[in-house]
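What follows is a group of structures, each given as structure tokens.
Two complexes follow with chain A in common, the first pairing it with chain B and the second with chain C.
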Partner chain A sequence: MATTTESRSDSTDSDDGVLARWTQGVIGDDEKRARLYRALFYVASAFFLVTTLFPFYWLLVLAITPNSSILTGDWSLPVVGIEFPHPQGFNPEAFVDVFQQVPLHLHVFNSFVLATATTIIVLLIASLAGYVFGRLEFPGKGPLMLAVLMISYFPPAAFLIPLFDAFLGNAVVIPFLGIELFQPPRLVNTPGSMILPFSALFMPLAIFILTTFYSQIPDGLEDAARVEGTTRLGALFRVIMPLSAPGVATAAVLTFISVYNEYFFSSIMALENVPENWSPLVGAILSYQDQYTTDFNLMAAASIVGVIPILILVIVAQERIVSGLTAGGLKE
Partner chain B sequence: MSTEQKSDTASRESRRSGPLVAITRWLENLGETAFAYLLLVPVFIILGSIALYPLLRTFELSMYVNVLGTGDPEFVGFQNYVDMFTGERDPDFPGSTTFLPEVTTSSSFPFVHVEGWFRSALIVTLLFTVVSVFFETVIGFGQALILDREFRGRRLVRVAIIIPWAIPLVIQGMIFYLMFHPSTGFLTEYLANAGILAPTNTLNDPLSALIIVTIADIWKTTAFMALLILAGLQSVDRSLYDVAKVAGASRWQQFRLITLPLVLPAVGVAVLFRTIDAMRIYGLVDITSSCTVVPSLSCMVVETFNTNRGLASAIAFVTAGIIGALAMIVIYRQFKEGF
Partner chain C sequence: MARVSLNNVTKRYEDVVAVDEMNLDIKDGEFVCFVGPSGCGKSTTMETIAGLTKPTEGTIRIGETDVTNLPPKDRGVSMVFQNIALFPHMDVYENISFGLRLRKYDQDEIDRRVEDASEIVQLQGMLDREPNELSGGQQQRVAIARAIVRDPDVFLMDEPLANLDAKLRVHMRTELQRLHKQLDTTIIYVTHDQAEAMTMSDRIAVLNAGQLQQIDPPLTCYNEPANLFVAGFIGSPSMNFTEGELVDGGITTKHFDIEFDTAELGVDPGHEITAGVRPEDIHLTRNDDDIDHSSEVIEATTDVLEPMGDEIFVYLSLDGTSGSSMTSDEAASAANQLLMSVDPDTEIDEDESISVVLDRSKIHLFDTASGDALAHGVVDLSEAERTKAAAESGGQRE
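For the complex of A and B:
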């Protein structure tokens, strides 16, 4: 593999004759051509691997390099002299400091609580909808599904202003009629102000994944359960949901990741970036950026800590993620 | 055994009476349509109160002038929209004194200027969307072709390609902030020497910051494109390739005549999805650079909604309208395919 690439680059900078001969060889000789394709393939794979993983290497380098060395901004390699980021010194204390300056662990804990609560709510409600859309026939089914789909496309910014008003405790008013409906409780700085928008934002994807999976369970199984005397809802929760476990897991994993990664409402609904206000991971990272403006090693260390749970989840659940994303994206 | 037990309890339940049993019996006797609508009630309560109500209310608010500290909101009809598109209200726009601070003095960035802030936001958003989606599609196609093949270490490559997709937005932004921050970033110098980025104050320079945000987005979302295109690739009937091979088609011909036409619909869907998503850009800008440097549409809403509610609502509603129009295309496609 390496030889093919080398010979290719060699031939380009020597004379045209070699290149022409080589090209002729590639066109004429099947085996040479196969080798070229394989070489290209490995080069491309390696390229993608390096570009996707390099930023993580960069974070690690920054985190363990003492901040004073980072600030000199000199990344030249000792012998070769070219600039390439590499650890300068070894300062693992950054990973201890990072929990002391800002209570990072509490922020991550908040993220976990918010993500878990949202996932449970979304799974319960989306299961009902998935059952309805996947297994029942009724007038208005198509338009209702389209309405759900449509809502999932709107930007969060379009919902922000009235939601923020309502979460501050201002009265909810029927649009254009001016009739006050009710006075909601003040939800900002509480989990509710984030869980509610998250549920709405990530509900549609879960509904579509569950619809797909629930519709694939044979009718006979549901009928059998019904003959045994189970209620319709009982059949959903005791037969259909367990049989669609992979689908439920997919929806759960994707919802959890989406909430953990959400930025818009996470950064706005907690009015200050402190864990007491239920500010999630976003708040911790923003605190480092805003208050510890030159502690670049801590910013990097905080990012690494914040990314680890997601990294584990991706590695464990990669099959589910892949099937979920493709099912959600290409609804057949 | 368990079924026996279940049917046993079920029959006992049916003999019992009480509110729960009454509800269960009522549920069981509902017609299919009524039952379906009943189960959909929670979904539509959530989506109605968190999405539909705010959308309508935003539209209502956009018809009022409601500037912080100037008394009661005043109904002005579509004046906010008119002002927005003509650039009329710009001098009173409360954000305009704090917004785009440095750009006023620099004429070298034709797409961001205080005169016509809405136009700036629109151009920034569209530019970001077009460029990032284009590169994501091309690179994503390449990644999908790789993932489509069987090879040793395929799982590893796949995880590596998916990981950026799963990275929290705030950390993605932080990575690129650190990568291009003048005091830490080793890349800034190279790219500045090449004339691509501004040499100083890189993250506060509109064009440089937009380029960096675009690169960050491509890094993260290409994986998503790759997965969608991969699904399309894997639905291609493999026997077509065998036929082509027998007929003596080269790999390039196989790609051009079989793969490409069959995958194009999947690519189209993926591109629409990504376009809709890219139009919402906010968080990445907020953390990597600043909303005052790269004013996307969502940025404008967030930055101004506490000071000028009417105008912020108008921007929010226009943003929703643009995205809604794109979403209609997706929905129309889905409808045609018999949903």
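For the complex of A and C:
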């Protein structure tokens, strides 16, 4: 660590090696220690910045490099000769092309609507569940919570075929007995076929986050709200939820981003990859690939466009998410 | 303003009975304190009145309405909490107006009422502050303002001063009394601090183990405790108790006897009784205090002195041993010990042999088995007998 290595030799320990003297210096001297910590902080930050930002850099490079250059697969730097992703040519038209080949904005809109609706449903129901689990005592609370946890461990693929069968509008029958229970509505190609499973899948995590947060709100505040004139439900929405804002924001953002990125369910529930069938963003990105060509530059450009709404959301909610992930404590 | 009455209220949890068949009638405009040790059910009783807890049995009426099954918001009560419980995400104005806004009062009315309430608790100019910017006393005043702004029928206060420092507590105590005088609303106040209960309330309700022990004006509870528990709980330091037996024409205990006409007690000789006397009702014979009815002289050795400034607490050892024998059986040493309070300018040393007398008009007799009070003051001796008893040195009792 160049910044912290000190060449000054002390008269008392001049016999020691460089490392020993440096270690002694860091231990004994506050200023040296502060310098070491600062240096370590920069190194760690740089590492995380590079690992998180490099994929975006790569996306950007791919987006503005013409597809023909990408397909040659040669990323050697001009003079040095080392392979490193760098722009080969400048083709910003890719960002226009993505909208011309596929109605990308409609897919982004679909994803956004699906994510928003799911988030609202999840927050609403998980809030009620979180209140019950976090603040009330009742028989069977432990087993019930365990059941929620267990269901959240089921692989989503396990639900796929029965759900698809049901959402196609086929009658639900009891296996082996053949007794017809009911005829579900045909939900494929509608937001319902996606929001329903999404809500169910992301609910357990939200329940656990909100249970933790709601249980930390002092009883006195809820009692005060109830004496002042709210019902239990009113106290939940007027006092407990606002005071758990970091937790609510965390649950909301996690749900939103998960749904926004979702492809597995939606690619099957939307029978064709067109916005009219509520095909989401990822569906659009993959549609730049067809049987004969793969437009990597367009896929990259579409990915960047797709990131923008999330980016805006995160910047707006950033402060709360960070405090929600780190703190969570509340002073009365 | 309204009266509050509890009728056979019982709150049972899985393994404990928190409140046991509580019957209570609180008059309109009265200031009643619930006191008792931790876990005696005083807070639970208050929560059943507030509606935060539903009683297992019994009914609660506020005014003319049976509120047993009403939610807290429809009971016309407001509450001040021990942990203050201001909403941290609202400023002072929003905190005070919370209840009014929920009840959809119009803005002018809300502003006027908040203004009035903040004036009563002297919070003008602080309405736009956040709760965490206020001191403990100011926060408590906001909580009180939030309670009075709705003009409730009954105020419930659950140890509102417990989290304040000692000086502020005394100050707020006075403010609460002033507030009660000003508003003239029924106040039910829970505290474990008997100083608060004694100074503020019209009547004190002493609770123990979920049962009402006595509800009376503070001085009645002090001077005529209904049973052993109240006698020991009210008063600090607590009353001295000595176990003894009722004999024909008096009582006899290990260290002193008192003669009086036992016919009025309504119990037979041989009955186990406990005599109680407060520290301030024990007097040094050499001080020559002017007592109308003094008991026989008791010889004692001073043990530990606790000078409090305005008085000195003197621990008296009756069996002649000093504090060094305290390591033996705790109960036995307590039985051989009396706590006396004397004037601060009394000259008294540790390990000094002294003689004391008890003020007979302040001796309380209790039934040891049931704990019920039998008599307060035993003074039916004739004047001549009293003089004779006082003149004799304590030697007669062995």
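The rule we apply is simple: the second predicted complex is superposed on the first by the 249 of 332 C-alpha atoms of A that agree within 3 Å, B and C clash if a C-alpha of one lies under 4 Å from a C-alpha of the other, contacts with A are read in each partner's own complex, and residues count from 1 in each chain.
We adopt the following convention: a contact is a pair of C-beta atoms (placed from the backbone, for glycine too) under 8 Å apart; a residue touches a chain by one contact, two chains touch by 3 or more.
Just so it is clear, the structure is predicted and the values come from calculations on it, not from any experiment.
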Report task. Tell me which partner A:L243 touches in the superposition: chain B (first), chain C (second), both or neither. Result -> second
Report task. Examine A:G229 and indicate which partner it touches, taking first as chain B and second as chain C; both and neither are also allowed. Result -> both
Query raised in the report: When the two structures are overlaid on chain A, which partner does A:P218 contact: first (chain B), second (chain C), both, or neither?
Result: second
Query raised in the report: With the two structures laid over each other on chain A, which partner does A:D295 touch: chain B (first), chain C (second), both, or neither?
Result: neither
Report summary line: Counting residues of chain A touched by each of chain B and chain C, the higher count belongs to B
Query raised in the report: What part of chain A is shared between its chain B contacts and its chain C contacts?
Result: 228-231, 330-331
Report summary line: Per the touch rule above, chain A residues touching chain B in the complex are 37, 41, 44-45, 48-49, 51-53, 55-56, 58-59, 62, 70-71, 73, 75, 83-85, 125-126, 128-129, 131-132, 136-139, 141-142, 144-151, 153-164, 172-173, 175-176, 196-197, 199-200, 203, 207, 228-233, 257, 260-264, 266-268, 281-282, 285-286, 289, 294, 296, 299-300, 302-303, 306-307, 310-311, 313-315, 318, 321-322, 325-326, 329-331
Report summary line: Listed in rising order, the residues of chain C that touch chain A in the complex are 47, 50-52, 71-73, 77-79, 81-89, 98-99, 102-103, 132, 146, 150, 156
Query raised in the report: Okay, in this complex, where on chain B does chain A touch?
Result: 3, 6-7, 10-11, 14, 24, 27-28, 32-33, 35-37, 39-40, 42-43, 46-47, 49-61, 142-143, 146, 149, 151, 155, 157-171, 174-179, 181, 183-184, 186, 189-190, 219, 223-224, 227-228, 230-232, 251, 266, 269-270, 273, 276, 279-280, 282-283, 286-287, 297-298, 301-302, 305, 309, 312-313, 316-317, 319-320, 323-324, 326-327, 330-331, 334-335, 339
Query raised in the report: Residues of chain A touching chain C in their complex?
Result: 218, 220-221, 223-231, 234, 239, 242-243, 330-332
